[in-house]
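Structure incoming, see below.
Letters are used for the chains, namely A, B, C and D, taken in the order the chains are written, and counting of residues starts over at 1 for each.
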Amino acid sequence: MPPTYRAAVLPAPGEPLRVVEVPAPVLQPGAALLRTLFSEVCGTDVHLAHGRLAGVPYPIIPGHVSVGVIAELRGPVRDVDGAPFREGDVAAFLDVHETCGACRACLVDKETTRCPHRKVYGITYGLADGLLGGWAEAIHLRPGVKLLRLPHGLSPETYIGGGCGLNTAFHAVERASIRLGDAVVVLGAGPVAQSVAAFAALSGASLVVAVGAPDDRLAMIRQMGADETLSIDRLSPEERLERVYALTARRGADVVIEAAGVPEAVVQGAALCRDGGTLVVAGQYTDNGPAVWNVHELLNRKHLTVKGCWGSDFSHFYKSIRLQARWQDRFPWSAIVTRRFGLDAANDALAAVERREVLKAAIDPSLGPTAASGAAGGERAADPQG
Amino acid sequence: MPPTYRAAVLPAPGEPLRVVEVPAPVLQPGAALLRTLFSEVCGTDVHLAHGRLAGVPYPIIPGHVSVGVIAELRGPVRDVDGAPFREGDVAAFLDVHETCGACRACLVDKETTRCPHRKVYGITYGLADGLLGGWAEAIHLRPGVKLLRLPHGLSPETYIGGGCGLNTAFHAVERASIRLGDAVVVLGAGPVAQSVAAFAALSGASLVVAVGAPDDRLAMIRQMGADETLSIDRLSPEERLERVYALTARRGADVVIEAAGVPEAVVQGAALCRDGGTLVVAGQYTDNGPAVWNVHELLNRKHLTVKGCWGSDFSHFYKSIRLQARWQDRFPWSAIVTRRFGLDAANDALAAVERREVLKAAIDPSLGPTAASGAAGGERAADPQG
Amino acid sequence: MPPTYRAAVLPAPGEPLRVVEVPAPVLQPGAALLRTLFSEVCGTDVHLAHGRLAGVPYPIIPGHVSVGVIAELRGPVRDVDGAPFREGDVAAFLDVHETCGACRACLVDKETTRCPHRKVYGITYGLADGLLGGWAEAIHLRPGVKLLRLPHGLSPETYIGGGCGLNTAFHAVERASIRLGDAVVVLGAGPVAQSVAAFAALSGASLVVAVGAPDDRLAMIRQMGADETLSIDRLSPEERLERVYALTARRGADVVIEAAGVPEAVVQGAALCRDGGTLVVAGQYTDNGPAVWNVHELLNRKHLTVKGCWGSDFSHFYKSIRLQARWQDRFPWSAIVTRRFGLDAANDALAAVERREVLKAAIDPSLGPTAASGAAGGERAADPQG
Amino acid sequence: MPPTYRAAVLPAPGEPLRVVEVPAPVLQPGAALLRTLFSEVCGTDVHLAHGRLAGVPYPIIPGHVSVGVIAELRGPVRDVDGAPFREGDVAAFLDVHETCGACRACLVDKETTRCPHRKVYGITYGLADGLLGGWAEAIHLRPGVKLLRLPHGLSPETYIGGGCGLNTAFHAVERASIRLGDAVVVLGAGPVAQSVAAFAALSGASLVVAVGAPDDRLAMIRQMGADETLSIDRLSPEERLERVYALTARRGADVVIEAAGVPEAVVQGAALCRDGGTLVVAGQYTDNGPAVWNVHELLNRKHLTVKGCWGSDFSHFYKSIRLQARWQDRFPWSAIVTRRFGLDAANDALAAVERREVLKAAIDPSLGPTAASGAAGGERAADPQG
C-alpha cells in the first residue's frame, strides 16, 4: 500500500481548510518528491480562499511557493547548469509549470509568462491532480518542474521570507530598467514591495521611497532598502506627491513601481513619475475595478512609459534566489515571515494574513496542531541587519 | 519706414480673425525672414480659436507649421550639415523654438520635448512678439530657429500636406519600435493618423489596420498605407476588437498607435493589443477628461507597454521630411490638404477644418480675398498614387 | 519489410556523395515523415563536403533546409497557433532541433541559438541517426521538430529560394534594429545578403547599399532591395568608403550588416559606419582567421555598436516565411535558386555552388539521374518583379 | 592693469612645463572665473606632454578636470536646476565645451560626444585662448561652460580623486547596461577602472572581477568594489580566462568593461564574455595599434555585443558626481589621488604619473615650489572605508 501524506485542503471558496491524507504519487521519469519544509501563505491564498481567482479547480491544496528536501528522485534530474540533484538536497522550485514552449507567446513573442498553457502549483492544479500544492507534508514535482538547490549559505527560512514576492519583485525591477542614480518610488509595503525596495536599491537607485502602510511594514521596508517611507494613513495623495517632488528637485521619480494592488495606485504612480519617467504596474493581480486616468495629463503630456508586468519565469527565480543568498546580510528577508503554522492551523494562517497581523506566514508541516510558532527566521529576526 | 506684412490675427478666444499689417522685424544675426507659401490649418488651430489651449498669449497670429521662401538672411545661417542657406531657398522650420539645452529635461533626462522653456510658433508666441505665426505674408525666423531646405523634388504643396502631422507621426512610430512583420493598428483617421499609417507601413508592418471615420478619411488612409480600415461609425468597439483578432490569428495587434484624441480610444487601444504588445498614446494633446481603465485586465495581466508621446524634436522633423520626399510617389501626402484659403478667408479655413469638410486646410497668402482655391497639391490629388 | 528512401550520402570529407537506400523511420508520437520537394544546396554544404565544419558525424545526409509534403503523421502534431497538421500539407521546418529549454543559455540568458544541446538537420545529425538530412526522398521529422505550413500563396519554389538565408538574414536585420530612414550597407551578395537587402528595405531603410561581387549577384541584389551596389571587383576599399560617404552626407552608414564571410569585411564594415552606428556581424560562420582591427579608431572613438549574430530560432523562421509570402511580388526570392539537381547529381550541385555558377542550387529528388533542370522558380525568374 | 595668474605651460611636446603669468580674462556675460583648488594629472596629460594626441594647440595649459571656488561671475549663471551660482561656491565643470547643438551628431544622431565642434579644456584649447587649462591659479569659464556646485558633503579632495575617470567610467557602465545579478569583469586598474568597479557594484553586479596590475592598484580596486582581482603580472591570459570561467559556472562574464588601454585587452575581453554577453571598449583613447581578433570565434559565434564608448556628456558628469557624494563612504575615491604638486612641480607630477608611482596626482596651486604634499584626501586615505 502506498504511503500517504497529510495535506491541508480547501474544499470550496468560503469553506474552511481541512487536513486529509493524500496518496503518494507514482513518480514518472524526471519526477521527484519533495518533503515540505515551508510553504508560503500570501495574499493570493486569501483571494483563493474567497474564490476571487478565476479558474481554480476546487478542492485544492493551496501553497504555490515552497521549499523542502528532496526525498525521492526518479531517474537523473539535473539543474540548469547540468548538475544532478540528489536525495537530501534542499531545494525550491518554480511554481509555474507546463509553460508549453510551443505556442506564439512562448516561441514568437517570447512572453512566456503569458503562455496560455501554464499551470501553477497550488493555484491551478487541484486536489484531483495529487500533491500539487505546498500545504502538505510532501509535494509531487512532475517531470519538467524547474528545481533549484538553495545556494550555499541560504537557509530555507530566509528563502521563504522572500518567497513568491522575490520572483515577482525581480521581474518588476527588471522591467523597470532602473539606471544608476535613479530616484525610485515603490507603491506598497507588502511582501512584493519589500523585495522591490531591496532590488531597486541593489540596482543603483540613489533614492528609494516607499509609500504604504501600516507603520510596522514601513519600518520593515526601511530595513529592506527604502531611504524614505510615506504613510498612506497619515499623508494625503497630494502630500505624498509634494514630498516626492521635494526629494527629486521638483522633477518626480525616474521610476515608480506599483506593488500596492488598488487601481488608484496606478494613477497616483503616474503622477509621481517625472516627465519621461517609467511606471511599472505589478500589483494588479486581481480585478479590483477600473482606474480613472487623465490620459492627457498623466500619460501623453508626461511622455510616460508604463509597463504591465505579469508573472515570472525561471530567469527571475534563478537570479532572485542568488541575489537573496548574496545579500541576505544586508536585507533581512528572513524577518518577513513572522509566524509559522502547522497544517492543522492553516485556517489560522490565512486569517492572520488577511487581518494583516503578519507580513507573511508560512506553513511548516512539522509543527503540531497547537497553533503557530514564531518567526521562520526567528533568531535572525532579532537582529535583522545581521 | 519699414515695410509691413499682412497677417491674420486672432484677437481673443471666440472672436473672428482679422487681417492686420505687422511691421517687418529687424533681423538679429542668425535670423531670417521667410515669405510664406503655405501655412497649415489643423485641429490645434481650432482648439486655439476656442481658447482650449493653455498659455496662449492672445492676440496671436496662428499657424505653427509653414513653408516659404527665404527672403532675407542676417549673416550666415547654416543647416544641420553645415551648408549655408541662401535667399530664394524654399524652406520649412521646426515650429518648436527655444528648447533651452540647459535644463534637466534637455541635458540629463534627454527628453527635450518636455523642456519647460520651449516656445512654439503660432501657439505660444503672440502678436506682441511680431511675425511669429504662419498665417501671414512673412514669418520672422529668430536666431536659432531650425530651418531645413525642402529636399530635392519635394514640393511645398506636398510638404504642407504632411505638415505638423508628419513630425508627430514620425515620433509616435519611432516610439512604437515597430518590428519587421508586426501587425499595427492606428486609431484615428485625421492628418496625424494618415502619416502614422504611412510610416508604420514603411517600418515593416505586415498589416496596418486603421480605425476611424468618416469614410472619405478611411479611403484616404488606405492610400496612405492602411491595409484595412474599420469604421467607428458602423462597427461597435466589440466588432472592431473581433475584426482585429480575426486578422491576427486571435492574438491582437503587436502595436497600437492612438492618434484619435478621445480618451476612451486609449483604453480601446489597450484592448486591441496582444499580450506583451505596445500601445503608443499620441493623440491626447488636449484634456478631454479621463479614461476609465481596468488596469488589471488591460495593463497588468496583458503585460502591456504603454508609451505617451509628446511633441517632436528636430530629428523627427529632419527624418520625416526626408522620408516624405523619398516616398511621395507611394503615399499621396499632397492630397491631404484639400483646400487653400487666403488670409482674408482664414475664418472660413478654420470653419472648414472644424466641420471636417476638409482633412486639412492651408493658408496661402497669395490668394485674394475671394475664398478658397482647390487642393494645395491639386494636380497630384487627381492621381494620388502618382 | 519497411519501405526505403533514396538519399545522397557524403561518406567522409573530400569523398563524393553517393545515393543509398535508407529505411523508413518508425515514427514516435509527435513525429512525421516529409516527402522532400526541395532541399537547399548552400555554402555551408560546401564547407561540410570539405570537412571545414566541426562536429559533423560522417557519413551524413546533407541538406539542412528543405520543404516537402507531409506523408505521414503519428498522432496529432500542431502548429504554433494550435492548428493540427494533416497529411498532404506542404510544410517546411526549422532545421535546428533539440534546443533543450533547460540550460542557462535557454532559460536564464535567453540566447537559445547558443544552446549547447542544439542539433541541426543535415549538419550535426549523421546517417546513423536516419533520414535526418534533406538530400533524400523523405525526411524524418522527430517529435518536437518545429514545422510550418507554407502560408497561402507561397510556393515551395519561392520558399527554397529564400531557404536558410531567410532566417539568417531576418535574425541579422532584427539584431541591427534598423530605424525608419536609416542608411544601411550590406556586405556580401550571396543568398544571405540577398535577403538582408530585402528585409532592410522592408524595415524602413531609406538607402540600401550592397557591396560585393560578381556582377550577376549585384544585379540580383538590386532586384532584392538594394538601391546601389558597389563591386569589390572594380572598386578598392577606399573607393567604396568614399562612395558610401558621398551617399550619406559624409557621415557613413547608420547600419552595416556583414554577410560576406571574409574577416576583413568586418573591419571594413566598421569603417563604413557612421559615428555611433551599428555593425552586425552575421557572415563569419566558419573560421577564416583573424581580422586586424584598429580598435581605437574603428571602435572606441567611433562609439560603435558591434553585434555578432549566430544562428536563428523559431521566431525568425516564423516571421521570415510570412514576410516572404507577403512580399514575394516585390522581391524575387524564387529567382535565387537558379538550378535544380536530382539526388544522383548532388555532386554536380555542390560543384556548381562552389564554383559560384549559381547563386543557390536545390536538390529535387523527383529529377532523374540526368543532371540538372532550370530554375526552381523558373517561370518567375523570367519576370522577377512579378 | 589687469591682474595676472600663474599657470604651468607646456611649450611643445617633449619640453618641460614652465610657470608663466597669464592675464585675467575679460568676462563676457555668462562667464565666470574659478580659483583653482585642484586640477587633475592623469594619463592623458602624459600623452599630451609626449605629443601623442592629435590637434593640440601648443603651447598649452594642461589640466582638463578641475575643481575650484567661483571668484567672479558676469551676470546670472544658473545650474541645470535653475539655481543661480554665487561667488564663493565650490564648483566643478564639464571639461567638454562648445558641443554645438546644431549638427547631425548633436541633433539627429544624438551622439553629442561625437560632435565635431567640441572643445576640451586643457587639451584642445591652447595658451593663446587664455586661462583654459586647470594647471593655473584661475580658470576662465567661458559662457556656456557647464558648471556644477559640489553636492553637499562632497569635498574637493574627494571629487578630484574621481576626476575625469568618474565621467568616463559612468558612461562606460551606462553603456554596458548591467543587469541586476550580472557577473562583470573590469579590465584595467587605473583611475577609470577604479570608478568602473564602483559603478558596476552599485549597478547590481553580483560579482566584479578586476584584471590588472600592479598589486597596489589591485588592492585599491578591491576597496572600490571589486570582489576579486587577477594580476596580469602573475597570471597568463589563459589562467585569467580559466579563473573567470571558474567564477561563473563556466559561462564567462555577462559584461566586460575594457579600461586598460592596450589593444589586446579588447580581444581578451571578448574571450572573457559569455555567449551573448556585452563588451564595452572604453580604454582605447589613443592609437596603440591594432588588435588581432578572431571574429568567427570571438564575435559572431559568441553572439557578442561590443560597444565602443567615447567621451562623456553633461548627464554623465551630473549623475556621477551625485553618486560619488552619495557613496563616498563606501568607496574611497579620496584615496585615489596619492600626491599633490604645486604649479612649479608640475613636471614632477607628470613624471610621477608616468612612472606609475601614483595612481593619480593633482596640481594644487596653493602649494609652494618645494615639491609635493601627501594625499589630496590624506586623512581619509588613512581609513578609506570611512
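By definition in this document, a contact is a pair of C-beta atoms (placed from the backbone, for glycine too) under 8 Å apart; a residue touches a chain by one contact, two chains touch by 3 or more.
Note that the structure is a prediction, hence the values are computed from the model and not measured.
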Thinking of C-D, which of B-D, A-D or A-B forms a repeat of its interface, with over half the contact pairs identical? A-B
Approximate Å spacing (C-alpha centroids) for the pair chain B, chain C: 42
Would you please write down the residue numbers of chain D that are in contact with two or more other chains? 81, 104, 249, 319
Could you classify the connectivity of these chains, where an edge means two chains touch, as line, ring, star, complete or other? complete
What does chain C use to touch chain A in their complex? 78, 80-82, 101-104, 107-108, 110, 146, 313-315, 318-319
Which chain B residues qualify as touching chain A in the complex? 104-105, 109, 111, 113-114, 249, 251, 263, 266, 274-276, 281-297, 299-311
Which residues of chain C touch chain B once you look at their complex with the stated criterion? 81, 170, 173-174, 179-181, 199, 202-204, 206, 249, 319, 322-323, 326
